[in-house]
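The next part holds the structures, each set out as structure tokens.
Next, two complexes with subunit A in common: one pairs it with subunit B, the other with subunit C.
Moving on, here comes the complex of A and B:
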């Protein structure tokens, strides 16, 4: 930031205020909340570290982290100024393996969605790799970084034990009707609803290997609660018209790409929001002003 | 009349190399350094004498895959011939046979105690050729004759040994489209018969080779990849007319650290995320009056107070967005020191930008984003794919941008601390050695800027 301050010195420039996402309604606000790195996620539940490690299934609790290359401090590297500028994460510094977590989000009142996950991850965390596949969103990081991040993702409002699942394989189920007890369908039966404690318990880890003891991950949200956390637009959550702002941004973006990709110089002539030449817009505006003053020929 | 743009170029340590140079001086067909790179790529063949000697003595040749270099074994046809010991003699003979006129520009260097020869064929062989095949063909034929004479082979007594010799130097070609994978005589770029499209030849080398050629120095890698990409853009006819300034501005800002933008963004966000780089990019664009909110009324300000930014100068905004992409990749990959996340950053940087700035078009108008989505998919092993560094710049998954995708991937590959299955040391070890003897590829940012400075009054 020092560099930016130096450049700003002596000039009156308003600081840029991040906007994150368009839309005036609740759903847009929830999307902004998930993406905004300056806002802390709401903590809903608590998962002990050892349970998390068992759930991920990459190592045993208490086991040392395996490494893929020597720690960066011991690695002999050629001189490169850029490598000395960017700070590596703790996992990268130690040379950890790269491990992953996959989340599947149901389409029925989900607190998160794959495309929003990607944006939230890249806004909130450093040194991450995320890819969307069919019905799942992958997050890859150095092992110890991954464990810290997964803990946050599972303990907070981005996770609903009933409608979001941790699945390393056989991930399908996001678009199927909810299974018994209102849980998302899982072909591997990794989790079930424990009626005695009223929580969802994982009896298999993400890779569908049977766990020594079941791991509770918290109470699933009722449909009413889930509706209050939903990040998708649907008829009973937010009406269609409330998307107008988002739709116009998407349309503007799409048109601008098409025009700019075809002839970069045309963007000075055509308004990407309406897809019409600027001089024609001026004509229309002039006409409408005529009508205001008594109208017509 | 097109607008004139001028930039200053800084090296990767933040030192100014060229001041206020018109971007036309960075046109790949005008810039002397970029022309030299193209010329070197076309005329250079690398001969691995050690490998030829081993293949001949063990009778192994003619395989079809890169990883299975023992598919064909015929030790009973093998014979011993001392090539490394005769390296100087071979170099002299090669020169006599390859040169067209006495004392022309043919160059042959013997390196690594005679294990490797770097052959540069003369202009006279290439200028009247349809493509750059003579670089390979003339070297291979000449070498075949020299080895046959050294080993005293005749077709009456040792026909099969001669057959083996042909297979060692050419693989199964012409049964196959090209010589074998990992042929001991190779070009830095693909063989002309293996090219997949018009004008892709100069960028048909793999990402790991470029990483090795610049000795894993991040911004040098980005610059060299940009040069290759832009040379190809010129060859494809994609930097003409409408696209000329678009390509030149984009490549100068993204690849050559123009106005120190990439380095500034990295320094500002050294412990930041992809999103913080994006915000810094937008801040800088607003500060330099590249983008603006046109008015305070609808539709420029939406009912919720959300602002739609519009580019004042789209070409420059595109260049800023591309520089932001490069910085975002370096910041994210620099944090994890693992190459694989580069594709994810390139695809989602554009996506986040679209909603952050009210539908402002992203770098290269979505082409980088689209290419990156495919690239992430295939580098994450769902359908096999390959290591991220093993793709060539003209691969069907990486070639669809105007030359702005691969420089980011090369920069990321330079930052990788050894997490790939196929690291540059494994796939391109020989290039770490030959880079010391090919000074053309050293310090690309400095050289391209100095070359531009030289011609800035002529363009």
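Moving on, here comes the complex of A and C:
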């Protein structure tokens, strides 16, 4: 990176601060917000703990957590310096089994989307495993950790009862047209819109087992509200093609991967944004300066 | 907020802020309005689109409406689909007859809560049930693969040389024709050397035959026309000239094993079947005896110049030769002969000069994509690799709904309008990137504009397949560079589409888009190689569906872009233009539609030997 160092010479570089995501617009900002662990999520609704446990369907409310190994404090293990450095999560310390929550995000103005979920989860939470699909996103954690995280994910601005759903199986429906109440399609009919209370009510848990009592999860956002929370670029909210900064970052990234994949040292010589050598860019710049000042020689 | 901007027209001034340059710079506010509120203004234009009409026909609804009030009220799949009704009747019938339950719509999840859309076969007016495009239900699709699997090309130059120099036989037109006549007999299961043999009923193997293929007109004239594969007849004159030049003066025989053999055994049996049939025909027609030189001759006749369609696969996918997974992408591109009667003109100059000619070339590319989707997605991944009932949706994306047709026609119109006077399109990463970005963004917008299309391509993998085929393949078509297209598949799916929607396809779909983009353009054998010679046998190509059609489409598009007559092998290209094949490789979509309508007659049936058929 000698060329870059030369270019930065004389410039004072402040302490590194991750930029998280490019782009000056609102959608980029929403993405940055979701990914930034230092920013607190906005709390929109409240779900009682027991309701959450019933919704997840992994254990009954009040039931003890099943464990897959004795608590770490009781285990006598070989010395491992990494274990001293990494503090175990409460679930890992207690030896909980690993359970999951799976969210399906609609394509119509979703407040979260699968890849963003992965990035947000990895930035915000510890002790996770996550898998990205096209419509859904799996989060696996120790059971008690999972419940704490799920509560945050459902109660905050990352969840829209109408356009995000908690599903354990038969998860498709994200790209289907919305139903007459503006809810995302669910082939298992886990939830419905309760017109009396004006909220989305789960009548089955994530595994599509019928619940003893319906669990309200809050009012679905109106289309106008949902547009204000949308994290995707859409032609009718924020057209993708006008995002020059993101496109240039993508271009830079794609080109750099190819050039650097062949030979990382080439990145000293070639600008990944334009795919041409730095000295050629300088030449073009000099020429343009020349023309600006009244043409050639 | 969005509505406010539209209501107050004075606020439109705020859309732009003016600098001293007087050039309007778009601000964030410019995009905070809802174009759907102005739907009435652009709807007349949209209605002229093929896409609008097709979706309207398929969904019987406004395709631009993002709400479906009838969902959950359609009455199930059985109520919506003729095929499903038939399945239910058969399920009941079977349960009664055999005493063990069979197909039962009462178990599992209720299908058809959403609209169970029929499929409009692209390029036709034929609407079929979705179930009729399932590989198991469609005999045309099965025959397509069978026709590929049962083909082996054998070079005759080396056997002839061995016959002349080692065995001392004379090769004459009479002897060669006698060999060909004998070969027609042996390929179908007839005996020639042993006096006491049980033979195969010729009615079972009526589709077994062999044809001579050569680029030398004089040599061709020496053969009986009944078994000559005449390149001049099957291709556009200019294309035929190029092909003949490619094939050269060598002599080949294209052998078609009976479909029944494919059904009974595998591609390895086909390779050996052709070898033994050819050898026995030589032995009989040249009256060869059991001397030691015969072992040399047997090698020369069987293996020395034998060209199988597919190679043996590596251990974890272990299959014999001539199975779909071992066939390189370039051969798949050659197997489609939709372009055979078109002038071999580079696509870019063709479309700039004549829009219709450009569209015809694009149609041909879509036919190639159809073959690849059926063979590799449905057959290879959907049956061989996953043991499933085939990925019907993955191939329907390519062949149904006129969706890709609409996209590519738009692109052709764009080139025709704005690139007049240009002779070539530079095959550079930077130009390719710009075009791919534009194409992918355009397609994403179309999906957003048409919620019915989103529903039609309901899985992320399906949409990513469209992105992967259209943008990069169109670029390959424009530049003639298949490798550039391959690089841009990764760029289109793994970067552009992904950052726009923050989602791509199903799990692992991006595996091959993220293993390292240099792989996509590397020519080193352990990293990739020439795209035409890669295939499902390449280790880094995972079991991931919806990518392979794009790769084949690029190879084919590259061929069309260069104005070439063949992609990888002139022999393969010529072999599949044969009118005696059961499946017509010139019009795969129509053939598949015939299969869906139950009008296609496949080979390899055992009707003759079934009870009461004698």
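Here, the second predicted complex is superposed on the first by the 277 of 297 C-alpha atoms of A that agree within 3 Å, B and C clash if a C-alpha of one lies under 4 Å from a C-alpha of the other, contacts with A are read in each partner's own complex, and residues count from 1 in each chain.
To be clear about the criterion, a residue touches a chain if its C-beta (ideal position, glycine included) is under 8 Å from a C-beta of that chain, and two chains touch if they have at least 3 such contacts.
Please read these numbers as outputs of a predicted model, since none were measured by experiment.
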item: Which superposed partner A:92 touches (first subunit B, second subunit C, both, neither); value: first
item: First, second, both or neither for A:141, with subunit B first and subunit C second; value: first
item: Partner contacting more residues of subunit A (subunit B vs subunit C); value: B
item: First, second, both or neither for A:241, with subunit B first and subunit C second; value: second
item: Subunit B versus subunit C as contact partner of A:232, first or second or both or neither; value: second
item: First, second, both or neither for A:26, with subunit B first and subunit C second; value: second
item: Subunit B versus subunit C as contact partner of A:253, first or second or both or neither; value: both
item: Partner chain(s) touched by A:124 [first = subunit B, second = subunit C, both, neither]; value: first
item: Touched partner set for A:72, first subunit B, second subunit C, both or neither; value: first
item: Touching partner for A:275 - first (subunit B), second (subunit C), both, neither; value: second
item: Set intersection of subunit A contacts, subunit C complex versus subunit B complex; value: 24, 115, 131, 133, 250-251, 253, 257-258, 261
item: Interfacial residue positions of subunit C with respect to subunit A in the complex; value: 1-3, 26, 28, 30-32, 34-36, 65-69, 71-72, 109-110, 113-114, 429-430, 433, 437-438, 441, 444-445, 448-449, 451-452, 454-455, 457-461, 463-464, 487, 490-491, 495-496, 498-507, 509, 516-519, 521
item: Residue numbers on subunit B that touch subunit A, as the complex places them; value: 12-14, 215-219, 242-243, 245-246, 263-264, 266-268, 270-276, 279-280, 282-284, 286-287, 299, 302-304, 306-308, 311, 314-315, 318, 330-338, 340-341, 343-345, 348-349, 351-352, 354-362, 364-367, 376-377, 380, 382, 414-415, 417-419
item: Interface residues, subunit A side, partner subunit B - complex; value: 1, 3-4, 7-8, 11, 13, 15-16, 18-24, 28, 35, 37, 68-69, 72, 75, 77-83, 85-89, 91-92, 95, 98, 115, 118-119, 122-131, 133, 138, 140-142, 145, 245, 248-253, 256-258, 260-261, 263-265, 267-268, 272-273
item: Partner subunit C, residues of subunit A touching it in the complex; value: 24-26, 31, 105, 107-108, 113-116, 131-135, 170, 172, 175-180, 182, 185, 187-189, 224, 227-228, 231-242, 246-247, 250-251, 253-255, 257-258, 261-262, 274-275
